[in-house]
Amino acid sequence: MSNSETVTADDPGVLERRREDLNRVVYRFKQNPMSILGLCIIFGFVFIAIFAPYIAPYPNDAGYQNQPAVHFDQKFESPSAEHLFGTDQAGRDIFSRVLFGTRLSLRIGVVVLAAAVSIGVPVGLVAGYLGGGVGMALMRITDVFLSVPPLVLALAVSVALEPNLTNVMLAIAAVWWPWYARLTYGEVLSVKEETYVEASRGIGATSTRTIFREILPNVLAPITVKMSLDMGYAILVAASLGFLGLGAQPPTPEWGTMVSQGRDYMPAQWWYSTFPGLAIFLIVLGFNFLGDGLRDMFDVEVQ
Amino acid sequence: MADPILSVDDLSVEFETYEGRHHVLDGVDLTVEEGETVALVGETGCGKSVTAKSIMGTLPRPPGEITSGSITYDGTGLLADADAHARVQGEEMSMIFQDPMTYLSPVYPVGSMMADVATYSGGEDVSWLGMLKNLLGRRANRGEIRERSIELLDRMRIPDPEGTLDRYPVELSGGMRQRVIVAMALINDPTFLIADEPTTALDVTVQDQILSLLRERVEERDLSMLYITHNLGVAREIADRICIMYAGEIVEVGTTEEIFDAPLHPYTRGLLDSIPKLTGFEGDGIDGQIPDYTDPPTGCRFHPRCPAAMAGTCDVEPVESHAVGDDRAVACHLYEDGMSFGEAATVAEEEAGGPTDEPVTAEAGGEP
Amino acid sequence: MRNDTNHNFDRRDFLRYGSAATISTIFAGCTGNQSSDSTTNDSGDGSPDTDTSDDGSSGSGSGGASFEYVTTVAPSSLDPMKGSDNLETIVLHNVYDPLVYYTDSTPPELQPWLAEDWEVADDGRTYTFNLRSDATFHNGDPVTASDVQYSVQRMMEMQNGFSWMWSGILSPENVTAVDETTVEMVTTEVFAPFLYTLPFLYVVNQEQVEANAASDGNFGEHGDYGTSWLEDNDAGSGPYVLSERERSRQIVIEQNDDWWGSFPDDRYSSVTTEIVQESATAAGRMREGAEMSDQWLPLQTYNDLEGGDDVRVHAKATFNPFYIYMHTQRAPLDDVHVRRAISYAFDYEAALNDVMAGDSDHLQGPLPGAMWSHTEDLPTYEQDFEAAQAELDQSDYSASDLDLNYTYVSGLTTEESMGLLLQSNLQELGGSLTVERAPWSNITEMAANPDTTPDMLAIYLSFSYADPDTFLYPAWHSDSHGSWTSAAWYQNDEVDRLLTEGRRTVAQENRIPIYEEAQRIIAEDAPALFVMNQATRNALSESVQGFQDNGITGYRQTFHRYHQD
Amino acid sequence: MGHRNYLIKRGLSTIPMFVGLSVLIFTLARVIPGRPARLALGPRASDEAVQNLREQMGLDKPLWEQYFDYVGGVIQGDLGQSLISNRNVATDLMEYFPATFELTTLAMIIAVFVGVPLGVVAGQHKDRWPDNASRLFSFFNVSLPPFWAGILLQLVIAFQLGWLPATGRVGDVSPMPIETTGLLLVDSLLAFNVPAFVSATQHLILPAITLSLAPIADIARMTRSSFIEEYDKDYVEGLRTHGIPERLIAYKYVLRRSFASSLTIIGLDYGFLLGSAFVVEIVFSWPGMASYGVEAILQKDINAMVGVTLVVGASFLLVNFAVDVLYGVFDPRVWHDGDSQ
């Protein structure tokens, strides 16, 4: 309809274009109120993570300051004013433990993704930029990883390493990087086609310069989007491993572990599994909302 | 003369996008008499297709919005009542599309698509069961429809019409596809046809074939047609009357001869200048661009590009259409107070500074 | 050890905490091995179930009633030389006959079985068994001395199941068939508990086994020693015949009409062991009239069952001790006063009444009260912070030096709870404790080496043969170092001497003082927190008579002793 | 033509991946700490007994040698002995795989039949309430931890309302149908065993729903976007202009194209579905390969662990291969890629 695509000599100029992009971004974000909601949820959890000791009614029940408390005489009290989410088999306040669990989950998410990205992106860049045999080989390797569901592989890896929290995070990262390698690889290929990379090569730019100046900026958007989407999923996998009995050591509150322990007391003590699970659900939901919003904003397709 | 079969009055359409509101159509008036072929001519993006969509009732809403005006077909107001619109559109109207490459479903043989058009363009809905049957290829009067399709394709001079029905579009050449599209448009004997640049995507020789085929069909069945094109040459070949459109306004209306013999509106003249260069002429005949629809120029929308723009007038006063002789109208300040073409021309010269070239003759507009 | 009172350790835990399943092996004697089978659910893989219906009311041997035993664990192997855990043993000792048998008193005594009588030579190493002549295998072959000899050989060569009981004690070549019905066994050294181990040595039909051995196997001329055949068939002489095994769904044994022994009137002539997934299902079966449930159901479930009529729940603390080992060779735990301080700091009350349901015993010293030679007059620790502080003051450490690690087996919530309890107790004392979960398999590895052994390790000391030696030697004799059973790395020459002597001394009355002395020393050295002896629960239909819990793995379920009222 | 060659290439290309996978898992299984042999023999086994078993299992050989021995066995369908079931892993998998296959397949069917229409409706009403509703629904689904969702379903449907059984694969029905396919639904139908069929179905519903949640969302999302993309193609406008009913346009023309692209995500999702089966089967005590696998991994039953992972990987690769084949069915153009311009 409009002639916005026809760009002629008296072109608005970069500044104008920027403003237009900004408009577009804002427009898209407005189109997707969920992303704002997501942002709020995430902020909420971050807030909880930071101020858990002040919000939680019984911080010691969550092992705060290495002063873990147990009250076996109060075990399995149903939700009430003083125990919003009830108590567990050690009489600990589940509400407090869920709040403190936020710290762990966020940490896992961040560490895992940081690791995954710092392995995956370089691999993808190298494979994509060099192409040829090396590229093929690298991508084949990533394909191997991608042919097993992350949870399964992570399970195997974290058992292969002594199962403790750090190794669980390592394990998840170890099965995660291929996705970023794939993504980066794809982006690099498409970017490579574009002439200006050729150009900058033409004027004798070093490969590294090309990578950092031309390619990296282009893969940034999709990676950011994927990260925010994966954040939730990584937390989910970690929780699943916790559910399967791998993960944080007691008395550290870990949502997945809590859910699985609660199962032993179902249905009578329904609250034990229910509330930690709810927390997992909410945080993952938040990241999905946010990631989806970002996807619309940057208008990139990541799977 | 009887009432026109189609009349569009003061039609205004706006589009909502993140850039703001586009005033795409601004009070368009348009009529098509029974059995008449009218060409709507203008640059790409001037609002031709929007006009067509509005008439066909396929204007995407949102973002599109009809802010004023009316469309009347054979006495029935279409905009007022959607059902009536759907019915009329289904029973009376049909459309031929621009790009034969994209207007056929790639995943079904052409026959299947034609059959659906034949079956459903009456506008009646389909039940889930009906759809299932359809998917399984069991439909009432299957054979009869197939007959009709074959016959039509044959009329469109398609070799081996039988086989063509079972081919996928990817297996057909552009020309063949366009013929199929035309056939599809005709399969339910519509009375009113809108052709939206049906030939632009084709190379010149094929264009001619399609045009003549189209012409035949129209005359044979005495159809009324609104033919949309940016190509005056084509318009001249097929149309009885021509409406020149610029930036969402009809700037000049007249019979084909009148338009070619004595173009009134400066824009029309610009267009005529550029005819010899058949290939997309935007900018060649007239400098500059179609204006930004978010805030169209005040006064006459053409004045920024108009060689004869009168400062203080054209850029200020909104222009309305002036009747010049019978069923001839032009929207230009030059022709206020019934000024004749001659007078107007001189004024234009003064404004343009320099003699205007001789009015273009029919020959000048002739096809290569 | 999983009849723990507030943690419902059921099938799901096995699936979820596989390794936990493994530990259960040892202690309640229900191997994690089984869980793989039991992943098939209450109706297994939908394999044909033509002649047996679920309520076990299948064609019964000779008119007796049928008995349904519901369990949430499934056996891994029914090979008498492989089976080693609870359910396996249940089946094995009902289908196979050992030479001697446990009585159902607590602690159990020995009674003649395949062996009518036996004598021990003065060297204390030579045992002569006279087999009863009327015993026949299920296929009609007579039970002969050579079958016994073969059984020992098979056991010791396969090195599986219970073979560890005799490793270094009995080797096949020292077993001789003197004649058809006389077997002589010579142990490599005097081993007082020897007779008490024999109820776990099942006698198999040599010809039958060899005839059904697969040629390809790890045992040379014996091929696979018939082990795969024995999974679905039996070569025994016992009171029941294995009539049907549907992996992870049910096992049906039918009365052996030709058994040499005698059944009571109103006996149960057909026993169906039904393997279900969920404790809820098991409870359901009980309400629907199943005769007996296993001991792994959640406490709540037992309470519910007890509420209903015609089901009774039998609870008894027998031989199921729970220790928290302390690494006696690592500071600060190498100081006895520190160990005592910790022993005084632990809240036994909460452990027994809040973590548990109050019907487990507080251990006095290393031995469960029910075991003979257990002595009451030992230093027993109650929570007493003053005493604890006093002990600390005597040590060269201060409370702040108590920065310890407590390791327990993944999935055992009771052990976790105990750890958390100890954690808070130590805090009160001024020390600190980190609680750590580890898969069972890793724990066995950790315990193999003093450097990798955790400061404190939570262990249910499994019970095998009925002798104090079962508890004392593996845990406190330095020869046992490197095994998870002696994770305290306890080194006390006097105790070593006593325990060896205890093994070397044949007469029980002479052994009692030895073990009492040993217990006293161990209790004083406090190399472990002797937390509790956990109660075992079984749900029974009111109609079932003749059940006695003698506390021995698998020997609770001696179906041929049961009868209807 | 082109497509077939492509498929062949595609098929061959999975072989190296498969080898790579086996190497990866095999090594993983072998570096696991804690001696599997000891587990097999029980806690009190003497060290030499453990050592013997290690030798029997060839665990003392160098890794590559072990690998080739293993591959040799696999070629003869011998996946090695499971340490916990004392059976050949192949036998175990025979027993457990059908249950998992039944579950995942049903879940995927549910996912497709719910997800696709959901996506279409969303696409048809882009940015209007049905779209937003289905997006929200999708978000909830993908964000639900499968194990938690399962527990909630158990709490409400099974425990609270008592409508469906909470766990297991079939109730106490006898006789059980003769096992032919191992798929209870199929077997019971073949045997006209109504009670077995009903019971099996009841047990299948909750776990299948739990598993299908995430795929529903993905499929809906994918269908939506590809549907929207397809929906403003010219030919759709054409059809509409010709007065073709919207339903026909949507479900006959547009859906066929967009479903082709949804197929890809279905293939991918199958992998994730297999993944979440590892927790869902446990929640529902489903006697499948996944719960067998979890236990194998946790208990370091190395042969079982490798076997399960290979089967999972294989099924994933197979499904995606099948997807590529199906693609051609829904989008015939690929058959003509040679002569399209």
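By written order: A, B, C and D. Residues from 1 in each chain.
As a convention for this text, contacts are C-beta pairs under 8 Å (C-beta built on N, C-alpha and C of every residue); 3 or more make two chains touch, one makes a residue touch a chain.
Since the model is a prediction, treat every value here as computed from it, not as a measurement.
Here the chain-to-chain distance from chain B to chain C, counted in touching steps, is 2.
The interface holding more C-beta pairs in contact, when A-C is weighed against C-D, is C-D. Comparing the CA-atom centres of all chains against that of chain C, the greatest distance is found for B. Taking each chain's centre as the mean of its C-alpha atoms, chain A lies 47 Å from chain C.
Centres computed as Cα averages put chain C at a distance of 40 Å from chain D.
Mean C-alpha positions place chain B and chain D at a centre distance of 54 Å.
Centroids built from CA atoms put chain D at 24 Å from chain A. In chain C, the residues touching two or more other chains are 12, 16-17, 410, 439, 442. Within chain B, no positions touching two or more other chains are listed. Across the assembly, chain A contributes residues 159, 162, 243-245, 260, 263 that each touch 2 or more other chains. In the complex of the two chains, the chain C residues touching chain D come out as 11-12, 14-19, 21-23, 25-26, 31-37, 39-50, 52-54, 76-77, 82, 84-85, 159-161, 163-164, 167-168, 218, 227, 231, 247-248, 277-278, 280-281, 410, 439-442, 444-445, 462, 464, 474, 483-485. For chain C in complex with chain A, the touching residues are 6-10, 12-13, 16-17, 20, 298, 300, 350, 354-355, 410-411, 413, 416-417, 419-421, 423-424, 427, 432, 434-439, 442.
Listed in rising order, the residues of chain A touching chain C in the complex are 66-70, 72-73, 75, 89-91, 159, 162-163, 243-245, 249-251, 260-261, 263-265, 268.
Touching chain C in their complex are the following residues of chain D: 33-36, 38-46, 48-49, 52-53, 56, 82-86, 92, 95-96, 98-99, 166-179, 182, 184, 187, 196, 200, 282, 285-288, 291-292, 294-301, 304. Taken together, the chain A residues at the contact with chain D in this complex read 31, 34, 140-141, 143-145, 147-153, 155-157, 159-160, 162, 232, 236, 239-240, 243-245, 256, 259-260, 262-263, 266-267, 270, 273-274, 277-278, 280-282, 284-285, 288-289, 292, 303.
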